[in-house]
Amino acid sequence: MTDELNAIRLMDITKSFGDVLANHNISLDVRYGEILALLGENGSGKTTLMNILSGIYYPDSGHIIVGGEEVSIHSPKDAHDLGIGMIHQHFKLVDVLTATENIVLGLKGDARLNRKDLNETIGKLSAKYGFEIDPAKKIYNMSVSEKQTVEIIKLLYRGAEILILDEPTAVLTPQESEKLFKVLRNMRNDGKAIVIITHKLNEVLAVSDRVSILRKGCSVGTVITGDTNRQELTELMVGRAVSLEIERPDPPAIKDAFLKVIDLTCVDSDGHTVLDNISFTLNRGEILGVAGIAGSGQRELCEAITGLYPIKGGAILCRGETPSGSFHENIVGKTPTEIIKKGVAMAFVPEDRLGMGLVASMDMVDNMMLKSYKNGKGPFTDRSTPKKMAEHMIKALDIVTPGVFTPISLLSGGNVQKVLLGREIASSPSVLLVAYPVRGLDINSSYTIYDLLNEQKKKNVAILYIGEDLDVLLELCDRIMVLCGGKVSGIVDAKKTSKDKLGLMMVHADSEKDGETA
Amino acid sequence: MNLIRSRSAVEKKEPFVRMVKRSGITWRKAYLIRALALICALLTGALIILLLGHNPVSVYADMIKGSFGSRISRIETIKIAIPLLGSSLCVALAFKMKFWNIGAEGQILAGAIAASYIALFHHQSMPGPLLLIFMFLVAVLAGGLWGLIPAVFKARFNINETLFTLMFNYIALGFINYLQNGPWKEIPGGFPKIAMFAFDARLPKVFGVHIGWIIVLALVFLVYGYMKYTKHGYEISVVGESSNTALYAGMNVRKIIIRTMFISGAIAGLVGFMQVSGSDYTLTNYTANGVGFTAITVAWLSKLNPLIMVAVSAFLAILQKGSNRIQTDFKIPASAASLLTGTILFFMLGCEFFITYKLIFRKGQKNGRNR
Amino acid sequence: MDVIVNLFCAAVLAGTPLLFGTLGEILTEKSGNLNLGVEGMMFMGAISGLAGALFYENLFSVPGGIPAAVLAVVFSFLFGMLGALIYSFLTVTLRANQNVTGLALTIFGTGFGNFFGDVIGGRSASGYAAVGAATKAVFQNIRIPYLSDIPYLGKLLFSYNFLVYLGIAVAVTMAVFLNKTRTGLNLRAVGEDPAAADAAGINVTKYKYFATCIGGGICGIGGMYISMVICSGVWVNNCVSGMGWIAVALVIFATWSPSRALLGSLVFGGLSIMRMYIPLGIPSQIYDIFPYLATVIVLIATGIRQSREHAIPKSTGVNYFREER
């Protein structure tokens, strides 16, 4: 009888990757007609566990019981057949196909693809749930939230009764998240079982009925959402009582502009404007946050400033460190090497750590010399200095690695980020650009990163922080600039604004700009 | 509900076999796997020999005898290994950069054409040693330029270099055909062939083999050092891993691609010079004879390490010389060499999987459930 | 006018092996596999087609005929498939590098063709491998009463050997398959984004194997065309001579569309026989370079203007492993 209530029962699931034990004897129940939050830090094994349910991974041991019967799920197709559907954090949609084509992908049916009829059916289905979507629209023309809608319709069209959503709000504005929650509640009332993977306590409290908490690959308990609170959940998630407040040292009282960006405009290779007349000032000793929906021009902004992205118009004035004086120097059109030669010590921690900031297959020593390998005369490289630097860094930042000659790709996400940020800070920069520096990191590593940034801030470094978690931006930064579609929708004082205000600015470039302090 | 029906469709069994990434493997075990793969490849070859009605053991033995048995056969084997090793170095430099240069063949021919031009038409204008040095220089330059053109298009417009370099092989070959039949023909109206070089334009011999073997061995160490210890070598590795990272590091990716391909082509050009001046004493459309392709095999099997290439190219040279021998002795076509090379490469490519992953087979039904 | 008609007909005949090669590789690349072994698979098809016909002739001691020709088609398809099967096993199951595996297949296939060409030749009385007259006749251009006699049109449309029509039929079928069927849609999804296809319940491995193997079979038929039609049923060493590689380039020219492959192979067929129809007063060896030179120009031209819709399937060249992290 009890099993009939349970949509899914997981028993003693274990899964390891090489030496890493991602899931260790985890047991979990999912019920129809409820929203279960799966809470845990990054790296606690939430996604792995749900990937096992959706057929992406196969467990080393353990049992999966669906509707009272033991099953074994070898592939996503098996999961579909059991009525399990998952929306991954990185959407599994084919860019060049339309919404309809993506929705019917892989399903049985007439050999001939009748696009007209299918579009109609899907149009009706989405109308029933109150979605607004054009079935014939190509995915690459869609916004993030539209893509998410397509994923939800895809699951509904396939008759999924158990829906798993992996960090669904990570890419949404607060308003879009609220809309999504409404949809989820409707589906719950419709009798479906819903699992939402998250590490955000607010969401857990706002939308779930029960919470299961994972820590370091182990299950630490399940509580009824109504009976718990932030503090208890934090303790369960982290394992000890911690304050989740981020330190924010005061910036210098006298503003000392280091970087002045004036009417910066960039166009991508397809001719679309990706940065549209961006203007802002970055002061010494402050952290300027940048918020915005993914793809609003954040990456291009960082790369344009560091000389990696072609600039169509505008100016970037930078305080040169030359002895002749400290006048602002325009660095537009200069290559990264030329910018360094101008005496501008610029450090950049890019979003793509292993694809841009570091060379994954190389060891720490070779990665240390990435930007400085040209130092020294003669045709040969010097590996003794970077080796010393790597050894020092391992001690100073508590980097866990078998040794300086281990390929970076074998390190955990947090350690990779420490290596990258550590190298950039070691160049004693006067301006530091960091893009999504805590993405995928557990809480401990995240706080190490915040501390390192604050340390630099106290050293009077000007810091540009591209972030996605609005809570972090609000706590860490001094001012926040919001980007929307490549435009600046406003620059606000972080102490005087709210998440909702930022959310509105993220979708309306021309919203009111009150509270602007720049 | 339809859930009930479909549930029974899902097997309740562990998959028969699944693969898991190894967390590490000792080099001894890795080499054991590779050795096994090589043996399997040779066994496959033995099977074909058996099907043709010969005794594999005596055929293989004959191959070894044919490539080592006498002083002459040893010299011949080394003469096959020299261009192979040289071209492998050319290929390795480009491959390290993930630039798929399969145009070593054409770059060899470009160097050979340039060297032949000097040898045929300017051999009287300078003394012997100077002539050879001059031939060397123009060959290196010509090979480099032939490699440079696809690199420029790759660097500027991201044009697919695989096909580009390959087409350049055929163009160089077509040009030699033209020279043979037209302007460089030895006897007008006669058989389409180019005259033999004058003695001044021939490379001297050391221990019975032309001096190219010393040149190419020196080159092995030069390329090894260049890739491992120089700033250029570091740049090549970074560009090969990710051009985004290279740009981020402030490298001029275009310049690095073009420079490296010039060096790669130049090495091939040098090989072309050694072929016409040391081995054939003339230019024919067989000057390169597929060595540029076999070199890809050598480079890959050696994991782009020049020191290992010495052994691998020697091995493939033995295979080729041995195949010539079994053609006379057993009437087995000499193209067996490339058939066997392909087979070995298949096995070596496949065996890497077993070095990276291990297979887990389904446990017996008895203890499968309650572990 | 006659010159143009003759040139067109000759171009069609010369371009057909390229058409098969291009179509085979389009199907392969649609599954995300970049198989650079087209040349090798064409060699394998060329020799096995010839061997298949000879096998029939020797078995019944007849000079061949239609059954021998059918066997040639079947054998070349199967051996092209065999080459592609080796490639698929190495890249899909064992995750070997696609570039190098394709090159290895070219080395292997070239050796395979020349080796067995010599072996078969060495065992026949004449000393070279050649099919009988009746088999050869099947590969001759057809003549349909009345239709072939229509001025110009008859020659332009109804004067080719049966493989030409087979090639056009394959192109049309493939175009319909890719654009109008569910299976075609699934295949495109596999090539574009195997992770998304997998999550949608498509068996990525199965699709990759099938598309690559059938593609290889089609390439094999192209190779058989070379040995049976162009070389008139006699084995000539190194007969494929780069046509497989031009086919790989034509895939880019055709922007992964089977219907444009028809145009591409016609143009390149024309280039390869131009010297017989358009005298430019240059040595014939220079004419021989034209197709290769044109390929380079096509590469440059298509490389410079790229669009999202008519681009290479996104995952091409990269192996897919579901559990990779």
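Here the chain labels run A, B and C in written order, and each chain numbers its own residues starting at 1.
Quick note on the criterion: a contact is a pair of C-beta atoms (placed from the backbone, for glycine too) under 8 Å apart; a residue touches a chain by one contact, two chains touch by 3 or more.
All values derive from a computational prediction rather than experimental measurement.
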{"item": "Arrangement of touching chains [line / ring / star / complete / other]", "value": "complete"}
{"item": "Pair exhibiting more inter-chain C-beta contacts, A-B or B-C", "value": "B-C"}
{"item": "CA centroid of chain A to CA centroid of chain B, Å", "value": "44"}
{"item": "Whole-Å gap separating chain B and chain C, where each centre is the average of the chain's CA atoms", "value": "26"}
{"item": "Touching two or more other chains - residue numbers and ranges from chain A", "value": "17, 58"}
{"item": "Numbers and ranges of chain B residues touching at least 2 other chains", "value": "21"}
{"item": "Junction residues of chain C - those touching two or more other chains", "value": "323"}
{"item": "Contact set on chain C toward chain A in their complex", "value": "180-186, 188-189, 192-193, 195-203, 308-309, 314, 322-323, 325"}
{"item": "In the complex with chain A, residue positions of chain B that touch it", "value": "1-4, 6-7, 9-15, 18, 21-23, 229-235, 237-238, 241-242, 244-245, 247-250, 252, 371"}
{"item": "Complex contacts: residues of chain A adjacent to chain C", "value": "17, 54, 56-58, 75-77, 80, 86, 88, 91-97, 101-102, 104-107, 109-113, 140, 154"}
{"item": "Chain B - residues contacting chain C, complex", "value": "21, 52, 100, 102, 153, 157-160, 162-164, 166-168, 170-171, 174-175, 177-178, 181-182, 293-294, 296-297, 300, 331-333, 335-343, 345-346, 349-350, 352-353, 356"}
{"item": "Chain B partner contacts - residues on chain C that touch it in the complex", "value": "36, 40, 86, 89-90, 93-97, 99-101, 103-112, 114-115, 117-119, 122, 237, 242, 245, 248-249, 252, 283, 285-286, 288-289, 292-293, 295-296, 299-300, 303-304, 323"}
